[in-house]
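The data blocks that follow each hold one structure.
Next come two complexes, and both contain subunit A; in the first it sits with subunit B, in the second with subunit C.
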Partner chain A sequence: MAISEPAVLTRGLTKTFRGRPAVHGLDLEVPRGGVFALLGPNGAGKTTTIKLLLNLLQPSAGEMRVLGLDAVADSVAVRRRVGYQAESQHFYRNTGVGELLSFCRSLYPRWNQERVDRYCRLFELPARARVGGLSKGKQTLLALVLAVGPEPELLLLDEPATGLDPLRRRQVLKLLVEEMSKEGRTIIFSSHQLQDVERIADRVAFLLRGGLILSRPLEQLLAEEKKVRVLFPGPPPAELEKWPGVRRVAREGSRLLISLSGRLDEVLVRLQRYEGAAFDVLDQTLEDIFVEYAGGEESVWEVGEDD
Partner chain B sequence: MINWPLLRWEMRNIRWWYAGLFIFLFIGAFSLLLFATTGGPVNWGKMDFFLFGAYWALFGGMANVSSKLKKGTMAFLLARPVSRREMYHAMALAGGLPIIILIMSPVLFALILSPWLASSMSLGQLLLLDVLRAVWLTALFLLAILTSLYTGDYRNKFYSILTGSFIIAVTIAWTTTIGIINKRALVQWLFQHHPGLSLLLSLALCCLFYYLGRRRLERMDIQA
Partner chain C sequence: MWFRVEPGRGVPIYVQVMEQIRRAAASGLLAPGEQLPPVRELALQLSINPNTISRAYQELEHEGVVYTLRGRGTFVAAPASTLTKRERLHRLDEAVEKLFVEAYQLRCTPGEVLSAVEKKVREKNGPGG
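This part shows the complex of A and B:
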């Protein structure tokens, strides 16, 4: 296996449920190392994608490679090297924490007991506690301990902060970044907590209706995705939406709000050509970008329609 | 082929079910000894409690698979380095072995108690009868797993009732056809007609249900 092979590579990955696509033609590439965030509204296909990578779901079409292996044909070998935390926990409820950890340990070729013990102490997970008696947050933490125990090269975390209070959430994120990521492991996680994503992700991908709409380093995304608020003295340029870099134009009172994806300088130069046009550039948070891409701002202004 | 830690885990998780089966075993043996005509030969082939226990085991096995799918523990296990084939084997062995042990136990009793108690059947006859019963019950158990794999992931009681009704119908049809309840007819059928054919047929059904069940598990989506 070439070390340069990405941690995850999918080509045309498709999953349909009773004819309805949950993931459609997904081409995803996750480089090795670092923290990769999968974002998207509910039903975008994030959980389905993660389950496909683990071969819990069978792909309807397309190819997937995980850590250089075929994720379907070599799924057991893949899962030996992957840690997984599900969105909702489905444990054996009548089992003790220690018993469950011990059973999972017996399934993997490697297991970092020192780390597991340390995390259990840190998260206050006593070995004798019954799994079914743990709170939702504690079950999430137990799932995280089970995911990191086998020293995975790739961690797949589906909403890793579900049910956690802000303090625990920060603690978990810190551990993920300070220990897992710095050891060169790849972390792929899906989350609706965009502040968390901004805090730890190196790269983000947006999924919408089962397809990938962008995948970029976070810094680059925040640098490229800008908005320009502009007030034209007269009618706006007819071809404004077709300018390079312009993704959408929305009306905000008497002004226009232009969403840009890169090419800010080029757009500003063009705007300066319009005498009397007043404009200012607005930075966007990841949440703003997420809402934009998720289609939260439906009222796309058709240039020339109102005026 | 067999993942031993997984098999141990499976057996551990249905330990109460085993306890129930072995209670049947002891009640069956004890009642037969208690009610056996004093001085007369014991008919080890007439152990109704064992058959009762076996039916119970069949439904227990089916419930084990369904609950795994419904509660999401199947997804929990298959997210670990466990192949679906190993998963199937663990479920089949953990649930199926006790059924076979239960059904074969009259032979064991006859063997152990032969110095003290006379048996109305020879050991060879009893062994053949029990092997045949065990293989038929294994076929039914594998059918129960297969149907559970098709219906267990639907969180709909309708499918569970339908499956239950289907298994009951198959069981009734089977028992009335080859006479598991009417053991005299079975013994006649076994020894005077086609025991070899019966064994072959039940083995063929075992193979078919094993293949279909394993294939179903290998191809199905595991939803939590």
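This part shows the complex of A and C:
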């Protein structure tokens, strides 16, 4: 139980369903402490990864360590220290909210009832309501309350704010801000709400087709990923695509749009050597960066396929 | 204390918070010596990561806009009084550097830059200044 071990470490993690890989050779490292956002288009493998970490699914190949433990061999010990909120809820529909809460309370040696009561009031989850009678959004909120109740070292939240109105979403964010303040706690959550992610994540990882394509501190990501629009007076430099930090060069009529990953200053110095070149640096939002990495121009993204 | 936080603006949130505190301090809306909200309290109120607020406070302290008293909190500094002459000149130099980048991109001549600066100094100093 070395405290220095990361919260999550996977090596070559693979899960295939009927021969189709949902997670494919995933090397993921989540440091202890802080908020880690797992991003990716639908079908990228986020939910499968979370279920694998909890041993709710068994890996086809690869290794996983959670809180310094083997996620398969020590899965019972892992579950005791991890709070989990599933993407879709499978509660006993006829159980009362209060009944379900006391049942869960009895399962854990530690349970913060004061906090659970406060969140139930905040989310308007009455103890006497039947779980099956709650709206889908409220069932998600209940699952969230159940996940944080035992004050786990690691929170695994699969789309905690999906299907919620802006007020509830904001309340969920406040809950996460409050929960993340506990010393040494790690929160991993998946989300499509990239503006929420920008508000609370310390680190973000992009998954695409079951693999990791990027994992970086959020501030660093926003600082490094830039676009530079350039108009060269003559033909552009032949080796432009090989310049440091250049990920991609797209044509915009007579202009070029350079996608950069770091090295902005170096690229600007080089551009200044071209007499008469006009250029502008464009900031990008997390959503811009996500779209760019998840498919960009090639549009391997699912838009269109689903329609 | 409320600050406008706009994720998806392409500007890091800590920078957005810094801008607003800096402006409030410069305009006198935040008085010198006034205490800023504790990091966790402000993070909860704005629904953002506490590390983001800490970063904003640290950078503002570095700029001399606020100061921190250990165990007591973060306070608004008196304008520029906390900076040594060397620090002031260093930060002026950084601002001039930015001016030159802009001037370069606008293809201004050195003469144009100088006369623009001189004109601004005359304006700010008033007639006969």
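Methods note: the second predicted complex is superposed on the first by the 292 of 307 C-alpha atoms of A that agree within 3 Å, B and C clash if a C-alpha of one lies under 4 Å from a C-alpha of the other, contacts with A are read in each partner's own complex, and residues count from 1 in each chain.
Just so it is clear, a contact is a pair of C-beta atoms (placed from the backbone, for glycine too) under 8 Å apart; a residue touches a chain by one contact, two chains touch by 3 or more.
From a predicted model like this one, the values you see are computed outputs, not experimental measurements.
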Clash-or-fit label for the pair subunit B, subunit C on subunit A:
fit
Mind working out whether A:Arg65 is in touch with subunit B, subunit C, both or neither, as first, second, both or neither?
neither
Give the label of whichever partner, subunit B or subunit C, reaches more residues of subunit A.
C
After the superposition on chain A, what is the angle at the C-alpha centre of subunit A formed with the C-alpha centres of subunit B and subunit C, rounded to the nearest 10 degrees?
150
Look at A:Arg185 in the shared chain and tell me whether it touches subunit B only, subunit C only, both, or neither; answer first, second, both or neither.
neither
Give one of first, second, both or neither to describe whether A:Lys227 is in contact with subunit B, with subunit C, with both, or with none.
neither
Figure out whether A:His24 sits in contact with subunit B (first) or subunit C (second), or with both, or with neither.
neither
Rounded to whole Å, the nearest C-alpha atoms of subunit B and subunit C in the superposition sit apart by 27
Which subunit A residues contact subunit B in one complex and subunit C in the other?
none
Contact residues on subunit B for subunit A in the complex?
3, 5-6, 9, 13, 71-73, 75-76, 78-83, 219-224
The answer for subunit A against subunit C in the complex is residues 34-35, 170, 173-174, 177-178, 180-181, 194-196, 198-202, 219, 222-223, 272, 278-279, 282-288
Would you mind writing out the residues of subunit C in touch with subunit A in their complex?
5, 7-14, 40, 43-44, 47-51, 55, 104-105
For a test of understanding, state which residues of subunit A touch subunit B in their complex under the given definition.
51, 54-58, 75-77, 79-80, 84, 86, 88, 90-92, 95, 103-104, 106-109
